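Chain naming follows the written order as A, B, C and D, and within any one chain the residues start at number 1.
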């Protein structure tokens, strides 16, 4: 057995490790919602930006998990590229709780929204790298090729919408976050509207 | 392979991810029990509301895990509905540590009990959604149908008792928490008293 | 399939969940070792009670994990007893970080040592319950019976030594912790000295 | 079945538990990056030492995970030596978040760098112990022997470079961290430059 070819069995341990890290990332974010020591509904209500930021980030990380889950299905060998692009993705996702805490703490200010949107682009880069690795070294059957063709196209469209959100944040943070939300809905759907457009 | 049909193998990765998130939720709650810096038994004793709230929530989340464990046995395909109802359930459960901390911190006050009981209803809604998905897309043999018939009936009765707890909390928080405890015991038992009533 | 008989497959999910919870318990304890903000070796040195308490508890929880690992090998059915005795064990272990923080914070004072030793007895009770369940409902071959006979005997001897530590703590906390250490070494060894005594 | 011979199946549970602990270690480190409450880029910028320390430690722990992943492939029996050397490795790695927090908090001061580099040597010792156990009790085929010969050689060279970093830290912390970085790159590569030197 060469180092770079452990097969499907090894790919599953990488999946399990990724699941562990993502499960922790998604859960520790909730620790930023500190229960207020003072009684009264107004102190609970004051937490709405922290809660909204948490819910948005939870949805984003969950979407990454779902797509990671689908894509790893086609990984058939553990190469160095697979290990390190996956580790880079997990590193990028591990920065999400920080950006989320900052966004909630600073009540969706322009600077906080820019930091949040910038941080949210890092996992997208790592994901693209990972997808390239799996496309080259993973399953090559028709289903795999079809999957990659559709998601690469989807990723490209998502990046365009997302990138448009950056200048729009200077107009209003809510426009930027709106773009982020469109991208989330886009990935949430199993098939993108583009598929119909391209006849898939 | 279509996106929505990974079979039993894929369902197991969803189970494993859920187990990871639930394991973290159940464990980070204990972090709210801060060890008192002052010596003396009275400072330890003062922690009883935090400890009681922790024990109650631990039992609740454990019951969700046990029932999730049993129900996922009948999931045989990874559909989008399965993924997102499951992610919604985990999101709802991730709010439990917050409500628990608030309940312990505010010594089972009426407001804290209402927040706690309200938060505890969210995973119930998500669980009902998830069960509907598994009922439609999972195993269809007699054991599965029997399982779903019994647990849907049980869930309905549990919701009635639980809902009765909300107005009772206005009389006394302990009455509300008593209803929550009855529901916990109800789910703790593998077979509900209703089964005898309905002749199952 | 009846609720209480999922077989070896189900037992493995219970094992995996337990591993997740134990992994988190063992790791979050290290969060109690707060890095001192002041420079200087004396501030690091002042952490020795916290570090010692962490190392001791890490060893204890690791020993539970190793023995849980060995014993679960003989579990062959997921009964309600198995689920709930296992959940009780995980609950008892989840209290260890609290008692450890208290022990380190109060520099092995008599009260803190008593709390620590009392907390450490809770998982022992739950473990005994779990072992009884596995003995009754798990594998019944000769290897399993031999395993249970040897470990029940070991558990009994360990409990005697441990119980002796409680009054000795009133003489000096170090005597109590010494008893705890003897028990740890006792379980650390795969075969106890008692085996030779009884001719196994 | 004797206690010390559970075979490949048991080795996989040890792997899964290790993955869980490593996933938590790698993720909780990010909690040290507290989001600043004050607005303004200068407060974000002030976090660079904490961020750099986090990124370096993340890379180190990830490298341990990757190599652990590769080496455990050759473990074929769960012996006591395997369990305890592995638990020692996880204990040593669990100290990394503390040393990382200290390094970031004290802005790469000489003392903090020495503590960090000293802490980083502990997992190396435990890893060497674990590798010795797997070499003796694991797979003995040619691929396994080749793997061990190459990595032991690599480990020896890495230790030399790393040890040179300790005195160099007294000259400048950056020289010490530079040595740590060389070792990281060394392990990052699947095949070391030494292989060419020795004709492998």
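Here is the rule we use: contacts are C-beta pairs under 8 Å (C-beta built on N, C-alpha and C of every residue); 3 or more make two chains touch, one makes a residue touch a chain.
All figures in this text were calculated on a predicted structure; none of them were measured in a lab.
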Longest centre-to-centre distance from subunit C, chain (CA-based): A
Copy-to-copy rotation for subunit B and subunit C - C-alpha atoms, rounded to a multiple of 5°: 90
Interface numbering overlap (same over half, different under half) for subunit A and subunit D: different
Whole-Å gap separating subunit C and subunit D, where each centre is the average of the chain's CA atoms: 27
Averaged-CA centre spacing for the pair subunit D and subunit B, given as whole angstrom: 38
Per-residue overlap in subunit A, given as positions that touch at least 2 other chains: 16, 20, 24, 28, 31
List of subunit A residues in touch with subunit B within their complex: 15-16, 19-20, 22-24, 26-28, 30-31, 33, 35-37, 39-41, 44, 55, 58, 62, 65-66, 69-70, 73, 143, 147, 188, 190-191
Subunit C residues touching subunit B - in the complex, by the definition given at the top: 1, 3-4, 6, 10, 13-14, 16-17, 20-21, 23-25, 28, 31, 80, 83-84, 87, 90-91, 94-95, 97-98, 101-102, 105-106, 109, 111-112, 115
